[in-house]
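Same chain, two partners: chain A is paired with chain B first, then with chain C.
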Partner chain A sequence: MKQLTSSLATFSLLAMVLVPSALGQNEEEAIAKGLEIAQAAQDVKKGFGNYIAKQVMVLKDRKDRESKRELRVQILEVEEQGDRILFLFEEPRDVRGTALLIHSNEDQPDDQWFFLPATNRVTRLNSSGQSKSFMGSEFSYEDMNPPEVSKFTYKYLREEPCEELNCTVSERVPVSKGSNYSRQLVWHDDEAYRVWKIEYYDRRGDHLKTLTVSDYEQYLEEYWFAQTMIMTNHVNGKSTTLNWSDFEFRVDLDEDDFTQTSLRRTR
Partner chain B sequence: MKAILNNFTDASLAHRWWFLGGVLVVVGALSLGVPKVGITSDHFVLFSDDNPQLQTFEQFEDTYVETNRVLIAVSPKQGTIYTKEALAFIEYLTEDAWLVPHATRVDSLVNFDHSEAIDGDLFVAPLVENAADLTDSDVERIQDIAQNSRELVDRLVSEDGSIAAVVINFVFPEERDAAVIEVTDYLRTFIASAQEEFTSFDLYTTGDVVLQRTFFDATQADMFTLIPIVFLVIVVLTFALLRSLFATLAVTLLVICTINVTMGLAGWLSTILNPVTAGIPVIVMTLAIADSIHIVTSTLANMREGMEKRSAIKEALHSNAFPVTVTSLTTALAFLSLNASDSPPFHVLGNFVAFGVIMAWVLSFTLLPALLAVLPLRALPKKEGTRSPFENFANFVISRRYWLLGGGVLVILLTISGVFRLEFTDNWTQYFDKRYKFRTDSDFIAENLTGLESWEFSLDSGQDGNVTDVEFLAKVEAFSSWLREQEEVGYVQTFTDTMKRLNMNMNNDDESFYRLPDDSTLAAQYLLLYEFSLPFGRDLTDQIDIAKAATRVTAAAQDGMTADELKAVASRAEDWLKENAPSLATETTGFTIVFAHLSERNIDSMLLATVIAMGLISMLLVILLKSLTMGFISLLPNYVPAALTFGVWGHFVGSVGLAGSVMTAIAFGIIVDDTTHFLSKYQLARRRGESPESAIRFTFNRVGRALWTTTVVLACGFIVFSLSGFAVTWMLGMMLTITVIFALIADFLFLPPLLLAIDRRK
Partner chain C sequence: MTSHRQVFEGLGKAEGNQGSVLSMSRKLLLLTIGIYVSLTSNLGIANASDDIEFSGTIAFEPRWFWDDSLFGSDTREKGISNSFYVMPELDAKLSENTSFRLVGFFRYDETDRDRTRGDVREAYLVHYRPTQLGELEMRIGLGRVFWGATESHHLIDIVNQTDLVENPNEEFKLGQPMIHLTLSTESGIFELFGLPFHRQRTFPGPNGRLGFPFLIDIDSVVYDNVYDERHFDLAFRYSHTFGYLDAGISGFVGTNREPSFVPNFASDLPLTFSPFYTQISQTSIDLRLQHSGWLLKFEGLRRTGALNRLGKNEDYTAFVAGFEYSIFSLFGTVADMTLVAEWSFDDRRERATTRFDNDLFVASRVSFNDFQGTTITASALLGNDNDSAIASLEFSRRVSERVSVAMELVLLNEIATDDVLFPLKNDSYLEVGLTYGF
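== the complex of A and B ==
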């Protein structure tokens, strides 16, 4: 009798452990693989040090009317912290010299400062919400930031050819309640974990936007950077294109070039 | 001609079963199209593509943002919205409204981005965050900020804080109609469940998306409630007038066939119905019955006089062929004249009613005789010695002719004077009556929060990127201030307010800096700063065009303005710009303005068409009556009733919209039938050498009953229209009812004395 109870107990214990995992085995694998891809994609990007590049931002409305801006972008990798990013406007002329400095933080809201040459003053911008639109474009602030792995949960879905390569398609769900998205689908090639496409689904689960990335170039014989990023909004018919060029890597930049005082010197 | 008719009626009676079968097959085939008839919720169907106000508005929406909005007003049953509970409720609504299908942006005072400067830092944050954790002093601070914000008061919160609004913006896909239904269905459930859970608040909804849904609902309601009522009225009336079960059955079948053929064709042509065209079946039914009643009445009369059924039917067809054909033609012609209207739904209405009238005519000479031949029709024997009541009436009219003529002229002049009190207005918020929640909610919101009518201006600096030019901004500011001074204007939304607020924020919230920057470069940089902090789902094109050349100024109207008042403010604003900022001169636009011009444009376009239709029909009468004098005399009883109706309307109602522009043409085509019947019989008697007095007696005897009968049917049919909750429909129904009654009165009391006075030849 005692034996029976204990074997029953063992059996039910086994059942408790085995049954859910048997049911969720594929699921678990998919989650692990998704995380693995995300981690790898982040890892391959690390170590470039810093770079300067030119960015042309073209906003298009549904009638294909355009508005254009030119910026210089400086990025500095900082170990154990987030990256430092400086956007410096060159065109249109009346905003030339306007600068936006971002210190991205892993676990708390990013720090932002801006400098308006006409006021000759640096102001700290305490703006709550990653969900803001990025400079009135179809990119939101959260789309622009290189996403920390910890900000999403992942699930590998399938493989699919993309361009001339083979891509994995993973789903990622933002952890933060403040996100505008219910989920995103990301296409990574399995050669160098480059992102080729991201589909953004709004809070209702409707397909809101698609980012397509192309014209990858390799720098420092290691790092792949895209020259063209197009964000298309399927609901309002607008799009934003980012054209990157004139990359210069490992130039003479350090943390001192990304401080409030450095903002004034940018002109 | 007579031979053809003879052969045709012989054939139709001899091969009655073939005729019945053939007609029913054709009717059946066309009827299959009925389910293909669609219903639209697009309120812009009322406008033609080349409507200049619509074009300006579309251009405006192209430049800025297409406005598809729903406004949910939150009204606490007690106190103001400045309590923790109320703010938490608004927060809940604001967050969950993002889940409404096709929503792109939700705005309320909760997620309003408030910016302030603290120690030189700029803080931009939603005004309310985590409402459930607010302290009393937080609530006080929120109240203080909200009540002093030009960007909030009268827009997202009322001045006294008794009501707040959650505004949802939508971008719709190609399939607009389906999207509107999806959104409004979702909202109904959403609001009902919110209302259930939070019982201490009342919720009201309005906005153009809800208007569109109501447009759809009204079309459907009119189709499903008015049609059965009209049908019932027609069956009961027909039975009352004909006193024969089988004759009523024949007429009813004819009406059913006519309506099926007409709506079937509409379906095969993929017609999409709206509240205006929803009237087609009702009008067609009402008109279709007239022909058949004339024929059936004659048949029964003939049988009563002892004729064998088949010859009775044949005689009835012969004696009615001419007048029924003429009246069908004139009616169809009048409805076809609606094609001149500036409002496309009236083209569809005119064409299908004209088609229905012709179909009723065709079926009256094919289906009807075959049916009468097949059905076991019996006529009650004639009662001996009864004199027609119409003969007594004729004697009365003849003996009192001078009184009637003089009194008639006096009454006509007095009544018509009301025309000067008429005011033409189309007001989209008042298109639906109070049975629709849209109307009561809109009225409440307009009264307590914000006017729903607004004027829109696009002020163009003339050069790309120049929207931040300080001289241009100063002019925009001056114009906005001028608008704020106008007593008709509620709140004014202008980008210069944002500029001023940013300038103040950037100067440590020093109120003396709540003014425009004095340097264009600085203004441009402020604009960029503003773009840095735009919330999700909102971009600058809401207020500034993509080339940064132009900006939009919106002025909301105070509640309860008429189209004329709205137009007056618009033209005053245009004049102000011409005078004070000529380079910015622009046309006022907006949904309100497009609607405000609707009636006027329609009246202009219909005026000529009505005159042409009347001219053609009058000429037709001159030819048919073979007398110029008779033709001229006919003008009076044909024209006067519509004028009388407008007079009565002016005296008792005052405002008339779209319905008024088409009423005259429609009424004319219908009432001309009475005059035609009356004058043709009068003429017949006169030609036979009878005196005018005896000709009038003859006419009353022959057509008195038929005119009386058709008028009763028409009036009862059209009065059903007034049950509609859609203003254009019920006004049209009321006006047509009044007009057909006036027409009968004119034909019975005014036309005979007139004939006696003018027609003196022997």
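== the complex of A and C ==
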């Protein structure tokens, strides 16, 4: 696999030296198309306002032993800025009452604060913690944060059938040096720009994880939200199934509900 | 080890001796139980809805001391001391913007009758509403407020009294009666605290380990103002986030939370000491700056009106400065490690009343990020002015969805003779806790 990658790299390097103009143009087109798809996928999601939902995570190890996590999540769309997200931990019992507030930023690391109920303390989380496992699951903090368009550079690769639909496959490279990934491959369908699969490649270029997304349902007669996400780690053999349920849209939430003051009120 | 009968006899005696304080906490405890029971009895409807939620923790926490105490060794003997606590919690949503929270706490300790006690950790109403300036939040009741940024100790955190008998690490606090207003605006968070009642610090009793070398008579407490514990203390705080910097300025005017001790000549022999609380004012700042993987932290204060270790009035400046750095995917696994180093300084130096006069704190926490959420923390506090060293090792792990185990090893045997904590030199201990969440 590594050999193949390196010979491919050599080949493309050679090709670029030999026929710079022709390939350069294709490359530019691929970059433009990649960005176009990402932007379109972002645009179709815009306008939901806010929602609350329940998340149940089932963590499975190599020997199929299971462990469960339960959270409530609140998400608010903020115009001209990144989303605001609040995770409220419910299970297991020892982390109950813990809350995580994320202010997603377009082109710089997100702001993250934890509320620890035992001491009523709000504490800032280090942004270098992107690769940290989220509650011991195969999702990292980076995977839980919203993938704002400006957080990646893009390249369109190819088309492929996915489920009964046709998908585009694009490569995206995280801008942040703190990212755990060298690149990701994303499968979007042509119909509504829904994400069906993401492959994550680590810093060494090895295929680390695959996310498969399914059970899409339409809300507000416009927005598609998936109910099931499965993250499989190919290196440690573990997987995490994330089930979304109990969606409620356009509830009484505003920016005041996503501040450090409101974080103290989550209990 | 003391038998249960002796302990209950001891309890009876304690009520006789220390009437006011114990009856205060007993009243609070009865109040908690009363509210809890009256609300649970209406459970039929309430529990069905999401508006009232009952939960809590029960823990069994024996401690093993392998040496007799340096002082009072005839009553503070080595051995295992059993203890447990119950902490019921109730959260009720009264309306869209109003809620009530109640947290009770009761601990039973086999050997230290002063550690057997109850407290209302929290019992407050909170209401919030939007205003033209921003969101206004009002809290009334007993609450817990945390100020600060650093890990090694919480220098500027002054609103709540320390429940010292609970744990020598000063992390546990008593519920503070308060009226707390918070205005969250575009240009920061403004908070005002009215604190109408001073709560006394708790101390280990004559039979309790980690105690003082002399007897403390908490019934003969001395205040240096005419209102005694009813002095109305005031505090304010302004905090704001500037990019990756969280900053806060706070002020406090009122009764000190940290007592001095004065001999109580009115009492019979042996001589006892009374806690003495003076009026102080404190101004402080706290900062947390996130910069390329580093988290830089600072807490600093100026306090006037407090007494130093010699019992003399001395205004002072103290600070804690340090960093936190995390390494993720440790050795290619999902584990991560956080390193903390902090330097604390108090310009009273050898006249300081705390051990943080000029000390270096180093700690390393490994989170395994496994199903059981296993973490191990090792830390050490090293004196720069003397050869004192305090070390601790903590371990915690979930056993099931509701049960977790924790271990805490505290080593105090390397404390220098001139250190404030010298009397605790023989009080190293191992605590094993088993916690059940309901």
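Rule of thumb we're sticking to: the second predicted complex is superposed on the first by the 241 of 267 C-alpha atoms of A that agree within 3 Å, B and C clash if a C-alpha of one lies under 4 Å from a C-alpha of the other, contacts with A are read in each partner's own complex, and residues count from 1 in each chain.
FYI, contacts are C-beta pairs under 8 Å (C-beta built on N, C-alpha and C of every residue); 3 or more make two chains touch, one makes a residue touch a chain.
The structure displayed is predicted, hence computed values, not measured ones.
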{"item": "Fit or clash between chain C and chain B when superposed on chain A", "value": "clash"}
{"item": "First (chain B), second (chain C), both or neither touched by A:Gly136", "value": "both"}
{"item": "Touching partner for A:Asn120 - first (chain B), second (chain C), both, neither", "value": "second"}
{"item": "Partner chain in contact with A:Asn236 - chain B first, chain C second, else both or neither", "value": "both"}
{"item": "Touched partner set for A:Asp252, first chain B, second chain C, both or neither", "value": "second"}
{"item": "Chain B versus chain C as contact partner of A:Gln260, first or second or both or neither", "value": "second"}
{"item": "Contacts of A:Val95 with chain B and chain C, given as first, second, both or neither", "value": "both"}
{"item": "A:Asp111 touches, of chain B and chain C: first, second, both or neither?", "value": "second"}
{"item": "Touching partner for A:Asp61 - first (chain B), second (chain C), both, neither", "value": "both"}
{"item": "Partner chain in contact with A:Gly47 - chain B first, chain C second, else both or neither", "value": "neither"}
{"item": "Single chain C stretch clashing with chain B - from 1-9, 145-153 or 307-315", "value": "145-153"}
{"item": "Residues on chain A lying within both footprints (that of chain B and that of chain C)", "value": "59, 61, 65, 67, 92, 94-95, 119, 121, 123-124, 126-129, 131-133, 136, 180, 236"}
{"item": "Footprint of chain A on chain C - complex, ascending", "value": "55, 91, 96, 99, 101, 126, 128, 130, 134-135, 137, 143-146, 148, 171, 182, 184, 189, 239, 241, 244, 246, 288, 290, 292-295, 324, 326, 328-329, 334, 336, 369-371, 373, 398, 401-402, 404, 435, 437"}
{"item": "Chain A to chain B touching residues, read off their complex", "value": "59, 61, 63, 65-67, 89, 92, 94-95, 98, 100, 114, 116-119, 121, 123-129, 131-133, 135-137, 140, 180, 202-204, 206, 235-236, 238"}
{"item": "Residues of chain B touching chain A in the complex", "value": "62, 98-99, 101-104, 120-126, 129, 171, 465, 468, 506, 519-522, 524-526, 528-529, 531-541, 546-548"}
{"item": "Footprint of chain C on chain A - complex, ascending", "value": "59, 61, 65, 67-68, 91-96, 111, 119-124, 126-133, 136, 178, 180, 236, 252, 256, 259-262, 265, 267"}
